[in-house]
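Next come the structures, one after another.
In what comes next, chain A is part of two complexes: it sits with chain B in the first one and with chain C in the second one.
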Partner chain A sequence: MPEFFQFLVSGLTVGAVYALVALGFTLVYSASDVVNFAQGEFVMLGGMVTVFVSTAGVPLPLAALIAVGVSIVIGLLLYWLAIAPARGASAISLIIITIGASIFLRGAAQIVFDKQFHKLPSFSGDTPVNLFGAAVQPQSFWVLGGAAVIVLLLYVFLERTLLGKAVLATAANRLAARLVGINTATIMALAFGGSAAIGGIAGILITPITLTSYDVGTQLALKGFAAAMLGGMGNPLGAVVGGLLLGSLEAFGAGYISSTYKDAFAFIVILVVLFTAPQGLFGRRAVERV
Partner chain B sequence: MRGSLRVLEIGNLRSAYGRIEVLKGISLEVRVGEVVALIGSNGAGKTTLLRALSGVQPITGGEISFLGERIERLPSHRRVARGILQSPEGRQIFGPLSVEDNLRLGAYLRRDNDIDEDREKIFGMFPMLKEKRSQLAGGLSGGQQQMLAIGRALMGKPKLLLLDEPSLGLSPVLIDQILAAIVSLRAAGVTVLLVEQNAAAALEIADRGYVIETGRIVHSGAASALLSDPKVKASYLGFE
Partner chain C sequence: MPYRSPIRHIIAAGAFALSVSGLSICSPAFAQQTVKIGSVLSVTGPASFLGEPEDKTLRMYVEKINAAGGVAGKKIELVIYDDGGDANKARTFATRLIEDDKVVAMVGGSTTGTTMAMIPVFEDAQVPFISLAGAIDVIDPVRKYVFKTPHTDKMACEKIFENLKQRNLTKIAMISGTDGFGASMRAQCVKVAPTYDVEILTEETYGPRDSDMTVQLTKIKGVAGIQAVVNPGFGQGPAIVTRNFAQLGMSATPLYQSHGVASKSFIELAGAAAEGVRLPAAALLVGDKLPDSDPQKKVVVDYKQAYEATTKQPVSTFGGHAYDGLFILVDAMKRADSTDAKKVRDEIEKTKGFVGTGGIVTMSPTDHLGLDLTAFKMLEIKDGDWTLVRPGG
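This part shows the complex of A and B:
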């Protein structure tokens, strides 16, 4: 039984990061119909910028803040330089643009930073906490708590503020959003900036556990995409549940079956979801009342 | 006051979908306090014209003046800010949001303190919306969604209200209710450009009318004159 909790905790921790990446996918997809495969690069940027800025002597909290700022700027540049000029292009073209942006960011990171793996110190030390017989790293609480705070803030923003409702309105009906005076280009920029910030924070929180390097983004983008598909693309709650489920599935699969196939589980999930329930667990049905 | 100042003046307006020209040089005007009906068959370009006026359909030529200022280059949200509000064809409400949120978003650009008061006025006009204020708009019936779409446009405090097919798909009782609402809007001083396939009903309540055919205005005049015009009767009113 202790090993069950051990797997569960590590699964939920990694799952929280998948959930945050999936949330980024969902936010951008809702506002703009773009599936942004560069989403994982923001996680890489969050970790890498924090590592290099703090190595340069800047205190960790300030370095983390700078890293989030850099992620947001890159997210906005991605929108303004690559997505906005291609307005009206097909979904496939836009996906290819984001894949291109992701390759570019990875290449740039390799030059600006380096090709090594890097670690950040844990925020609250490395003495494991014993929970139901499982040894839990204090950093896991940071990851889970951080993810919970982000989800809560996003919920309050979307449900309780006029700007948040404008995001939901844009997601629901872009033509109508423009007709009530919502500047949908601003909303899309907001979605790209916001999802970049979420990705950057995820990268900062997880780096003390999983390490980071210039190329961690690819794998995370695929896992986050699988989580978003599992939960139902365009549904924030689905993204969170999908991420936590996928992380747990990986941890249990690696623990009880074989760690060799750990990464395969995400892709099995994508295939099963696409074949059996393409709208995902919480996805909107294709049919709407007219 | 009515008939003096021009709210809207369109000159030689052109618009195309790809290579197919849908508006082939439309000119018309709407004066303060008027209800102007734009009638014509399916595909004549009525909806395209309204979308071009709101700035959500690109134009290829011509000019649009609103209250004496050229606006054809302004993005859609700047036109809303100036007071051009539209209740679009097919209603286009925000389905996953509540009735109340739909109305609040109608006043998205407003920064004054009368928003709640205006919402109560709309609840007075369409009491059914008040009953269902916290329900999701996507669950409303077609007629209720139509009232919500008009209410949402009114929440933007229109100086010019564009109504695209407000009677489409509604029962005769509901059509009468919507038309009565338009008449009371005129009494309240709202200027309306009304697009309708239901030409007879539109001309009954309008001051003037324009008939549009394959992207061109082919008739215009006082609504009563159009109603008795033999050509208009034959083509659009369904009797000889």
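This part shows the complex of A and C:
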């Protein structure tokens, strides 16, 4: 039985990482139906900037703030320089633009930073906590807690504030949103800046566990995207549930079946879920807009 | 603005081009005769951690050799191409080295992939090719014109198992990365384990980008009678394995890492969890800790100082492989007192007792690597630094 709990804890730790990345997809998708594949790069930026700024002698909390700031600036630049000029293009074209942006950011990071792996110290030390016979890294609680706080904030923002409702309105029908007086360009910029901030925060929280380098974004974005799809794209709660579920599937797959096929096992389950419920577990019912 | 005929520009440009090309045609006549050595390296791209130090090392030492008068009365002219880690490009550049540059020999091929793609080109042209790639496939089976300098993963397995046998720890678990390095070394370890009476009780794997290996380690922990754990892997994976190992309180079981993580950054990444971890590594890493009686001491300390002074970067074993390749070639040219490709090849094969950064090289017609297990030192991490494990310890 202690094995079961260790697998569960491991799954939740990895799952919380996926959930944090998946959350970043939510905001941009909510506002524009665009899946921002550069999201993983914001996660990378959060971790790498914190590492390099703190190595330069800046205290860690301040370095983390700077990293989030840098992520937001890059997110806004991505919108203004690449997405905004292509407005009117289909969602598919915009998605392809984000893939290009992600390759560009990775290349730039390779030059600006370096090609080595880096780590951040755990926020509350490295002494594992014993939970039902399973050893848990204290940092896992930070990641889970961070995911919980971001979900809460996103939920309150999207459902309880006027600005949040404007985001949802922009997603539902951009023309109609403009007609009722919503500045959709500002809303889109806000969504990109916000999701860059979420990505940056995610990068800072997970780096003590996952380590970071210029190219961590790709794999994280892939897993985060899978988690977001599983939970239902655009739903913050779905992103978290999807992430935790994906992590647990991998852990139990590796634990009880075979570590060689753990990714395959997880993806098979995702395929089955998406066949039966294409909008994901918590997704909005897809309404075809004509 | 006065009108100017575009013809004039063309004439001017043409005259300039002529004068430039004229210069390059004339200059060798004034300079000494040169000998061309080619190199195709992965200076950029995913394998740039290999190609970059190799590139810097070759340039630095060719300059030094030329300053000291060159080899066999000729200055070396180094031709380096960057394949970006792409085997197709590597092959194209290899052909260019042979057909356009007409090189006498080649020191390069950062990865096993690029090396294997280039081998046929050099075999067909009968030009010696000293590879810097790790896999044993490069020199096994032996090809007439192909040599290599880095240790093989098979040797790393043997070194680990030799140490395990000495400590009487013969029942082990393996946890390997599924990347090329991890998979290849795992296969070699499984193959040589019986020779050392080592029994692999259980095996686990992890993906090259995985961020948590506690599941696999928990399963290993649950298998009765495991006396040691071996982790063939590369990159950040082994650092995470080491950290999870400590997290799960398994530190009482000896953990062996591979030469793939033999760099200071591994100790940094794994932190306190790295204490007590053992791994085989080239002498280069522990140059200053070698006893003065060690024949490699002077070579590795000199190379480390020269590399770090020139590049301002910490030394890596990969650059060392390029150093070894270049000097094996230069020594062969000196012995042959010729830059004829075939004579040079024969002399490379006769390399005997060459002291390089990777070990002491003695080649033969059946061994185009020429290293034995003494080329690896068994290291243990203590107080955040490498220490040499005494033989039998």
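Going forward, the second predicted complex is superposed on the first by the 270 of 290 C-alpha atoms of A that agree within 3 Å, B and C clash if a C-alpha of one lies under 4 Å from a C-alpha of the other, contacts with A are read in each partner's own complex, and residues count from 1 in each chain.
The definition used in the following text is that a contact is a pair of C-beta atoms (placed from the backbone, for glycine too) under 8 Å apart; a residue touches a chain by one contact, two chains touch by 3 or more.
Since the structure is predicted, the reported quantities are computational estimates derived from the model, not experimental observations.
Visitor: Figure out whether A:K119 sits in contact with chain B (first) or chain C (second), or with both, or with neither.
Guide: After superposing on A, A:K119 lies in contact with chain C but is clear of chain B.
Visitor: On the A-aligned overlay, A:T13 touches which partner chain: chain B = first, chain C = second, or both, or neither?
Guide: second
Visitor: Is chain A touched at more residues by chain B or by chain C?
Guide: After superposition, C is the partner touching more of chain A.
Visitor: Have a look at where A:S71 lands relative to chain B and chain C in the superposition and call it first, second, both or neither.
Guide: neither
Visitor: I'd like to know which partner A:T260 touches here: chain B for first, chain C for second, both or neither.
Guide: A:T260 contacts chain C only, not chain B.
Visitor: Pick one for A:A169: touches chain B only (first), chain C only (second), both, or neither.
Guide: first
Visitor: Does the superposition put A:S54 against chain B (first), chain C (second), both, or neither?
Guide: A:S54: touches no partner chain.
Visitor: Could you tell me if A:V180 is touching chain B, chain C, both of them or neither one (first, second, both, neither)?
Guide: So A:V180 only meets chain B here.
Visitor: For chain A, which residues lie in the overlap of the chain B contacts and the chain C contacts?
Guide: On chain A, the chain B and chain C contacts do not overlap at all.
Visitor: Name, in rising order, each residue of chain A that touches chain C in their complex.
Guide: 3, 6-7, 9-11, 13-14, 17, 115-119, 126, 128, 135, 137, 206, 209-211, 213, 216, 219, 251, 254-255, 259-260, 262-263
Visitor: Which stretch or stretches of chain C touch chain A in the complex?
Guide: 48-49, 178, 204-207, 209, 211-212, 214-216, 218-219, 222, 235-236, 239-240, 243, 246-249, 265, 268-269, 271-273
Visitor: Which stretch or stretches of chain A touch chain B in the complex?
Guide: 162, 165-166, 168-169, 172-173, 175-183, 288-290
Visitor: Any idea which chain B residues touch chain A in the complex?
Guide: Listed in rising order, the residues of chain B that touch chain A are 54-56, 75-77, 80-81, 85-86, 88, 90, 92-97, 101, 104-106, 108-109, 138-139, 142, 152-153, 156.
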